[in-house]
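Both complexes shown next keep subunit A, but they swap its partner, so subunit B is in the first and subunit C is in the second.
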Partner chain A sequence: MGMAKYLGKRFIQSIIAVFGITIIVFIVLNIAGDPVKLMLPDTASYQEIEEMRQKMGYNDPLIVQYLRFLGNALRGDFGTSYKYNEPALQIVLERIPATVTLAVSSMMIALVIGIPAGMISAVKRNSITDTVIRSLALLGQCVPAFWLGIMMMLLFAVKLKWLPTSGFDTWSSLLMPSLTLGVFTAATITRMLRSSMIEILGKEYIDVAKAKGLGRYVIIIKHAFKNALSSVMTVIGLQFSSLLGGAVITETVFAWPGIGRLLVQSIENSDFMVVEIIVIFMAFAIVIINFIVDILYCLINPRIKLQ
Partner chain B sequence: MDDTILKVENLNVVFNTKYGCAKAVNQANFSLKKGQKLGLVGESGSGKSVISKSIIRLLASPPAQISGKILLEGQNLLELSEKKMEVYRGNKISMIFQEPMVCLNPLFTIGNQMMEVLIKHEKITKKEAKSRSIEMLRTVEIPSPETRMKQYPFELSGGMRQRIMIAMSLLCHPEVLIADEPTTALDVTIQAQIIDLLNNLNRDFGTSIIMITHDLGVIAEMVDTVAVMYCGNIVEKAPVADIFDTPKHPYTEGLLNSIPSMEDSGKDLEAIEGSVPSLYDLPKGCPFRNRCKYVRKVCEYHIPPTVDLGGRSVSCFQYTDQWEVKE
Partner chain C sequence: MWKSLKESKTGLVGVIVVLLVVFAALTANIIAPYDPTKQDVMNKLMNPVFAGGNFNHILGTDQLGRDVLSRVIYGSRITILVAFFGTILAGVIGTLLGAIAGYYGKWVDAVIMRIVDIQLSFPFVLLALFVAAVLGRSLKNVIIVAAISSWVQYARLVRGEILSVKEMEYIEAIRSVGSKNSRIIIRHIIPNIISPAIVQATLGMARIILMEASLSYLGLGVPLEIPTWGRMLSDGKDFMLSNPWLAILPGIAITITVLGVNLMGDWLRDYLDPKLNV
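The block that comes next holds the complex of A and B.
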């Protein structure tokens, strides 16, 4: 049972990583100073500030504060947002569905475009098709999201009136933000998959597969793509976790109610509790996605499964 | 009707690259009878692998430009569409490669990779494909074949993988098996086992074998007929005993002289003077003339013709009338 052991090890590592992240987040926020001054009016006296500090526990030793923070966090209590005066967790949770929807749909677009494009590009290497795909991929990686978003909005919303400029209710409002984000990810996947496929197609076992008389598609999809995928999967995972972390610019352009925009607003407002939760959520997302990538990697590669 | 299975006629392979035009194979002619074992010998870059890959059509074209005829049971393989060629590969003609460690796909089991050959070429159920694969693994003397079917390549040694490659290539009982230096990457004891195995399979199935190698020891132990290649040319072709007893071409002679022998121990090893010219820059006339100890004026201007010496042939002016002309 090599796989269970391997995944068990990775799982424990993930938990340690999550703990480490909470410590770092906690320390960084502490270095940034306590929010007591923000909570009190400018006219508050030193006496009043000190009293407030004492009351909120900011005078306790750091380790005590951290354990209290951790204990509360485990119970789902992340404190109150200073800006909205509501439980911070609730504010973030309200925004998460929008971000997840956007991340998933952009990823779908990226995979649907990126995988075939990368494969075709590699199989027809140095052809005109390949050149076109490579140029588009380069362009897709270079075009800034704010420009692409605004241009699409001008064309599809303002000129053609096919799609709404913003909103969050219908699939049509999801389309443009997903495309804006998906194009970049698709370009990244295309380029990675192309180089990975080219490497695999040069391997001896591909010649062997040809010598066996197997058809072109069996060779490309079964023998080459599955091998190429294992190296591209890491990149897909990284891209997806960064999408889950929210896309500040795209969310701003399309007034998308996700956590990216919330994060920037909360930093501006020094709304520490909200920032804290979002950072922890992002970290969680990365750790979980990495763990899922590990599982998939195990499923694809028998070497890990068995050793 | 004669029992010729494979006939290669005037095969030329040219690579057009940015460095220039390389003639990798020049007017190659040979034929293979049913059950015959032909050895293609030559040093690296002499074109032996190019010939083998042209026969099974694995050379990417372009850059390779192939002309001539490769007739398998009368059918010119070079004229077939890619789709039709698939029917021949792995079925009527198959190939084993030099590096067994990298010839199997790491992500699939041995069983999966064997069964796909049968499923592609024959109307057969999965169950039948499985039992025939197991049977073939047993034929190539792999212990506990049922277990091997479920294993992945990384769990097996190089010798074992080469046996599996051989089993895989013989699944559909091909007419011709091309073995491209199948023992080069293996250690000597395993080499001997693989050669024995190929000899046995040739005897039992009647499969014709084209053995490509630079190892004259392998040639001596295995083949019936030898074709010696130099810079893309087949310079001599003869039954194996004749090659070793009475080499006709100066290059063959040089090759045989450079084999170390027990009697000569203590003496310096003989070598052929000079080195192989680049294919991009072959000398005019005979490609071997720069290294040949018998070289004459005529060798510099003309490519030597292939002379039939009755049961064997050689490409050298020594055996033509032109040699008589005194300089």
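The block that comes next holds the complex of A and C.
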């Protein structure tokens, strides 16, 4: 299959996924509860509720409601937040930059830690360095992010007073949340890169390169790492999904003003319009990132088998 | 199996940790020194014995004077219940859907695989939050969330295996002599997937334990009055100045348990499926 055809197919699949997500979100939220009751005071009579239902279109068949929801969504109208009494989309958009900042800086940290650690671990296989890196990577996948965050707060903010405990005022306040969120991804990248590098270093063409008298670092960087890169790309694509999920918890721990914390607050407040947008936005972001990863994947390694 | 376990030190450690946690969960009402919900405001916020406390409350007490050791022991119950039943439910759903997709192929397969795609583009925490928010706080709902967030791996595994078995000539041969589908599934497909499924289940449990802890931390797990490690942590966070151990200890419990399960899973993978090990 040609690259264009493959990417075309993936594009269609992504669109289907996005539609599927909106359907699921819509159905779940409609089971969730009666938005009309939330909008009216507790004292509202049955008749008032019914009138409101009729007026808002909640008595129409589900499919009609869904199409209307989709139509409104395409025009950027996601309804009004009950809690803030403002357009729900506006509230979410204001919080997006903070989450993007956090996600990107966490991914940076993960790459800066994970790539060298994975390479060193693979090259110095079975040495003490390797054992230490592997143990730390395993630990990094076992520690709950929120606990790590609290422990860092305890150490750096409460005991040593080096960093602010929470909020997003200065760049130093970005450090602890990004580390908290990045550790799991760093550990995953390390483990993945180690195992694919070891596999590649055992291949025949590496022996050929050695026989040609190429330097050790040339072989490691140009031959082994370049080929291991595609597996790292896959991990990065998949990790963005857990990164956005993890952001929900990390933002709550550090009172970070992003959409993750907003999501938890909106769930507590039953502010379902806001919940709806955040869930759709996150799913959307992940579908797009995975599609971009697919494109990069093809560019890095054109000979890759496309299924 | 025993021999392999003795040779793998990390595997042995993992199995011992898991057995200890299961033991604590099963016997919590016997081994816990106090009722985990009993408040004693006269003795609140006591430090653990190794940090200046006393032996009446080995791990200290929380802001309501409840015994931390007893709460950690009882907390293991929710962890184990959710990990165990969540994994079983995920395995059942995943196996069924994967088998249907692989067996019937065509549009049935396409639909199920699209659901898998959608599932994979949902961060599981997000999914868990969403479902928990909609269904409310209860043990049953946490188990459902755990299952929904992990059935995909089993579905892919079973589907892949069925697709590869379907192509094999001997299956044609068996079918031509009149063997039933159910017999083919039981005799030829299940034995092939049982090892990777066990490995998958163990490593999946580690993920579920972390997920349950996150949900409890956010207050969206089981009802708030039931002691869980995640909940203890989020309560303890507010008392970091007076008794930091309230936040430290439950985290250690979670980390050690997850580590134990992962080590056990790694050993099982090496033992059951040597070709998977890179």
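Rule of thumb we're sticking to: the second predicted complex is superposed on the first by the 299 of 307 C-alpha atoms of A that agree within 3 Å, B and C clash if a C-alpha of one lies under 4 Å from a C-alpha of the other, contacts with A are read in each partner's own complex, and residues count from 1 in each chain.
To be clear about the criterion, contacts are C-beta pairs under 8 Å (C-beta built on N, C-alpha and C of every residue); 3 or more make two chains touch, one makes a residue touch a chain.
Just so you know, these numbers come straight off a predicted model, no measurement behind them.
Asker: Should the superposition on subunit A be reported as showing a clash between subunit B and subunit C, or a fit?
Answerer: Superposition check on subunit A shows subunit B and subunit C fit without a clash.
Asker: Between subunit B and subunit C, whom does A:Ile277 touch in the aligned arrangement: first, second, both, or neither?
Answerer: neither
Asker: First (subunit B), second (subunit C), both or neither: which does A:His223 touch?
Answerer: Touch status of A:His223: first partner only.
Asker: With both complexes superposed on chain A, which partner does A:Val264 reach: first (subunit B), second (subunit C), both or neither?
Answerer: Only subunit C; A:Val264 stays clear of subunit B.
Asker: Who does A:Cys142 touch here: subunit B (first), subunit C (second), both, or neither?
Answerer: second
Asker: Tell me the contact category for A:Ser195 with respect to subunit B and subunit C: first, second, both or neither.
Answerer: In the superposition, A:Ser195 touches subunit C alone.
Asker: I'd like to know which partner A:Gly246 touches here: subunit B for first, subunit C for second, both or neither.
Answerer: In the superposition, A:Gly246 contacts subunit C only.
Asker: Taking CA centres after the superposition, what's the angle at subunit A between the directions to subunit B and subunit C, given in steps of 10 degrees?
Answerer: For this superposed arrangement the angle is about 80 degrees.
Asker: For A:Gly213 in the superposed arrangement: first (subunit B), second (subunit C), both or neither?
Answerer: first
Asker: Quick one: name whichever of subunit B and subunit C touches more residues of subunit A.
Answerer: C
Asker: Using only C-alpha atoms, work out how near subunit B sits to subunit C after the chain A superposition, in angstrom.
Answerer: Minimum C-alpha separation, subunit B to subunit C, in the superposed model is 13 Å.
Asker: State which residues of subunit A lie in both footprints, the one left by subunit B and the one left by subunit C.
Answerer: In the superposed arrangement, which is not itself an observed complex, subunit A uses no residue for both subunit B and subunit C.
Asker: Tell me, which parts of subunit B touch subunit A in their complex?
Answerer: Where subunit B meets subunit A, its residues are 56, 58, 82, 86-91, 94-95, 97, 99, 102-109, 116-117, 120-121, 152, 154-155, 165, 168-169.
Asker: Can you list the subunit A residues touching subunit B in their complex?
Answerer: Touch residues, subunit A against subunit B: 203-205, 207-216, 218, 222-223, 226-227, 230, 300-303, 306.
Asker: Using the touch rule from the top, collect the residues of subunit A that touch subunit C in their complex.
Answerer: Against subunit C, the touching part of subunit A is residues 13, 16-17, 20-21, 24-25, 28-29, 31-33, 138-139, 141-148, 150-151, 153-154, 158, 195-196, 198-199, 238, 241-242, 244-246, 248-249, 252-253, 263-264, 267-268, 275, 279, 282-283, 286-287, 290.
Asker: Which of the residues in subunit C end up touching subunit A in this complex?
Answerer: My answer: residues 114-115, 117-118, 120-126, 129-134, 206, 210, 213-214, 217-220, 230, 233-234, 237, 240-241, 244, 247-248, 250-251, 254-255, 258-259, 262-263, 278.
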